[in-house]
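The same subunit A turns up in both complexes below, where it pairs with subunit B and then with subunit C.
Showing the complex of A and B:
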């Protein structure tokens, strides 16, 4: 292994940050991990754009245009891109809106729900524009590995990262894929 | 939409249930009648039927949800199902279906608002030699064109009962183009059985063995072995042998007429014009294995053959060829009952067929134990193809040596081929095994042939380079389908059609097949819509490997054949469809923002991808 620390970036697209919480659940092993890796763009470092990295962990599916920009930036910069958790892999919970017409969604949120001034659908260019359906991330960029779970257990994160750090093909034991 | 009152339901159900009795194996037959009467299986009827058979409600619901001709949501009073096989597609099925939908103001797959009509696709209806074909309320329509659809539109709009539609719409012709030993000389009904009675059952089995007849459904298992295993097996319960009314160990003969493989229609012709030969073969089998009861499992698409077949059975009973003491032989009792399927390809797999006969969902069983020892209701059962029984009748009459003299060493006798696609004379061709593809193509008047799908989607796609290969178990085994494609056809579209077929027909029991066929469909659709990349091909190959090795039954393990054949033999068919070799999104990113752009009225840079 070279002297340079392994660079890791993470992000949450249409996700709930639960996978990030689970990553933090590796607890004291974080100290050991920080000896070996440095974090680039993550919600933890507050770096806004992803630079060249070795590993990218993406939580959440793709629900709007901004998600695509972030995801493509990750793909461009990360040597290995991992879809983390059910939403990234299948669309997950946010994809439950896929059976509802987008216009019905907008109406429900902006027009029928009380307390919103004017009852208008906002059109500010700063707001990410939603897709008519939520997509798993493998439909938008090539994904190298999938880490399943909702969220993936902390041990699964640990296994994935240590396997990658040691240059092994990541492999999860049955127990780590068994959720009940 | 029609509303059903509980009292109406019970009034409608009472005679049906009375006719079928209390045996839960009649469940599927009952549901078919309910579907016919109500154009759906009403929830109240499910309660009622579950109570009648004393089975849990979920069992009835499970069956109602499994078969594609049954529907727990109302379908149109007139239900038009277009045959979706590739040969129908090549004859213009998609345009015709759209034409009819436009005329009737109905969307494909939906019911018109007045509940009058629904139009949809279904798997191959076995009319490939006279397509484009469709079913209306289960009755086959053939050789469809715009004129016929105009007429059908009028008939539907004027609410004319299907029974009163002009018969020419329902005309099904045999199209026998080449006859040989099986179709050539008709068998005098009873001659096969007489020969068995003279020769003896054991000796007949020896003749079957000598004939080296192998199953005609595709797998090619030696029929004599199957029969002798069944004969040797007995079902026991608590140490005592389970016997029929006459005190013989209970065994069953089942004729598999669930001819679901797209492009196959030989059984349709056999059952239409050679039913006696098939029944005779079943009776011969019954004598050899010692069975007193037989079933003919008739696919739902061939519902129109039910009454003629019932009549044929009645005629045989009157002639002493079925029933008690057949041809005066004391103790030789055998009768045949016809069971209707309801649109499930998987029921062509013998153990799924047995499940379906028992009134359950057609889910393949774990094997072993095989049906020859644990079949229908756990009793030893022979399940053979229609054509196999027809051959058996001939062998019983003429002897094993006569049969073994035809064909090749490992594939004796003749084979019926159902030829369709780009040829001048589609129809049934009977050849001795060993005939080359080139010869067949010449005989059927194939136009500029480029590829042939042998034995349907689960079989093999061969290219023009392989036309010297032979139809035989040694080289190209086949269940009978032979679809010819000329040069202008796109092998990719053919594989795409088959991939959709498998995804629709997977029974859903095992994950590799349920998910694998669906993923395969998604990737093929992605390539078809111009978003394909090299990595998708790798994905298709690895999926194919999973399907082949991990599936529970033959459906899953052959579901990847069309794709793998295409990848191997027609690389240019997909290569020119690939957008680039790197990754390409599975959907149109910018297009997927269009709805939100309209709603918000935005058109800024951030609103585009």
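Showing the complex of A and C:
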């Protein structure tokens, strides 16, 4: 292996950034991690597009067309792509809308709910096209590893990253594996 | 003289009338299962407890134990099939664990953790299923039903009320309620009934109890389903 640092990219699609917060919960281990890795596109660096990377961590499911573009960019650029958290793996809480008609959903949020001036459903051409159902990311691109949890515990992130950095097949202990 | 079967190389005694599952449980051996509960007549539907007996795969919860049986249980091939069955159960319903009160106490989760399920693997169905909140003390969320018939058996055989039943077949199977309105609130079901206690998932929940124990301190957060179900408790 060359002496360059391992490149890692992260993003949140239809997620809440809770998984990212849990990643930050590895606390002072972040310093050790930064000796070994450099971050490419992440909300932490504010780099907008994913370049060639060794590992991509994707939080959140796919709920609109932009999510698919970002996800495909990650798949194209990341040697190893990891689905992080319940939303990326099952659709998660956003998938609770899957049996509600999308227009009913919009009306409930933007028209019937008070507080929004004008009370109109947003219709700007710059807004990404929403899908009628939210899907986990493995239904769209090939995923190499999964890190379940809502969010996955910090120790599970640490285990996954250290296993990958050391060339081991990632394996979680029983108490690190949960779906909630 | 006691009779024996062999499970994964171990000699396990049995009595006449016991199934392979009964004998294994009595010996403290774990065979993964969801529709089985030793308090009720076996149902044999989830097929998670499938074992290999003298070269043939059978459901251990319904297969009578018999002298000379060589049983394979905890082997990679069977556990891979059990994992696939569990993954199919996850995608056929709407099992959104972070939004479920049963999370951490759910046998479907417990089995999935035990089998090391990292993702549901298959494409999700996201079926449209009815939620029935009409009963003052019990919630019926069909999104989480796995059709094990434990509530059907408990209501019929223990409570004597016949509140639940399954209708239609295959992927159309549904859990129905024995009332003209079809609503749980119009039945005699009580929160203290056995039928309200036996659901292995979060399909039937007694209301106002959901967060008595916080997430993270629940049964399968701390113990494997193997340890729980071979330790005498069947919660």
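As a working rule, the second predicted complex is superposed on the first by the 176 of 180 C-alpha atoms of A that agree within 3 Å, B and C clash if a C-alpha of one lies under 4 Å from a C-alpha of the other, contacts with A are read in each partner's own complex, and residues count from 1 in each chain.
Here, a residue touches a chain if its C-beta (ideal position, glycine included) is under 8 Å from a C-beta of that chain, and two chains touch if they have at least 3 such contacts.
The structure presented is a predicted model; accordingly, all values stated were derived computationally and were not measured.
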- Query: subunit A superposed: clash or fit between subunit B and subunit C?
  - Reply: clash
- Query: Looking at the overlay, what does A:165 touch: subunit B (first), subunit C (second), both, or neither?
  - Reply: neither
- Task: Considering only touches as defined above, state whether A:36 meets subunit B (first), subunit C (second), both or neither.
- Result: neither
- After lining up the shared chain so the two structures overlap, which partner does A:154 touch, if you call subunit B first and subunit C second: first, second, both or neither? neither
- Considering only touches as defined above, state whether A:177 meets subunit B (first), subunit C (second), both or neither. second
- Scan A:80 for contacts with subunit B and subunit C and give back first, second, both or neither. neither
- Message: Let me test your reading of the model: by the given contact rule, A:98 touches which partner, first (subunit B), second (subunit C), both or neither?
- Response: second
- Between subunit B (first) and subunit C (second), which does A:106 come into contact with in this model arrangement: first, second, both, or neither? first
- Task: Quick one: classify A:135 as touching subunit B (first), subunit C (second), both or neither.
- Result: both
- After fitting the two complexes on their shared chain A, where does subunit B collide with subunit C, if the options are 6-14, 204-212, 330-338 or 546-554? 546-554
- Query: For subunit A, which residues belong to both interfaces, subunit B and subunit C?
  - Reply: 133, 135, 138-139
- Note on the structure: The subunit B residues in contact with subunit A across the complex are 535, 582-583, 585-587, 589, 592-597, 599-602, 604-609
- subunit A partner, complex, touching residues on subunit C are 90, 94-100, 103-104, 109, 112-113, 116, 118-121, 123-124, 126-129, 215, 221-222, 224
- Item | Parts of subunit A lying in touch with subunit C, wherever the complex brings them together | 83, 86, 89-93, 95-96, 98-99, 133, 135-136, 138-139, 143, 145-146, 148, 150, 174-175, 177-180
- Complex interface listing, subunit A residues touching subunit B: 65-66, 68, 75, 102-103, 106, 121-123, 125-126, 128-133, 135, 138-142
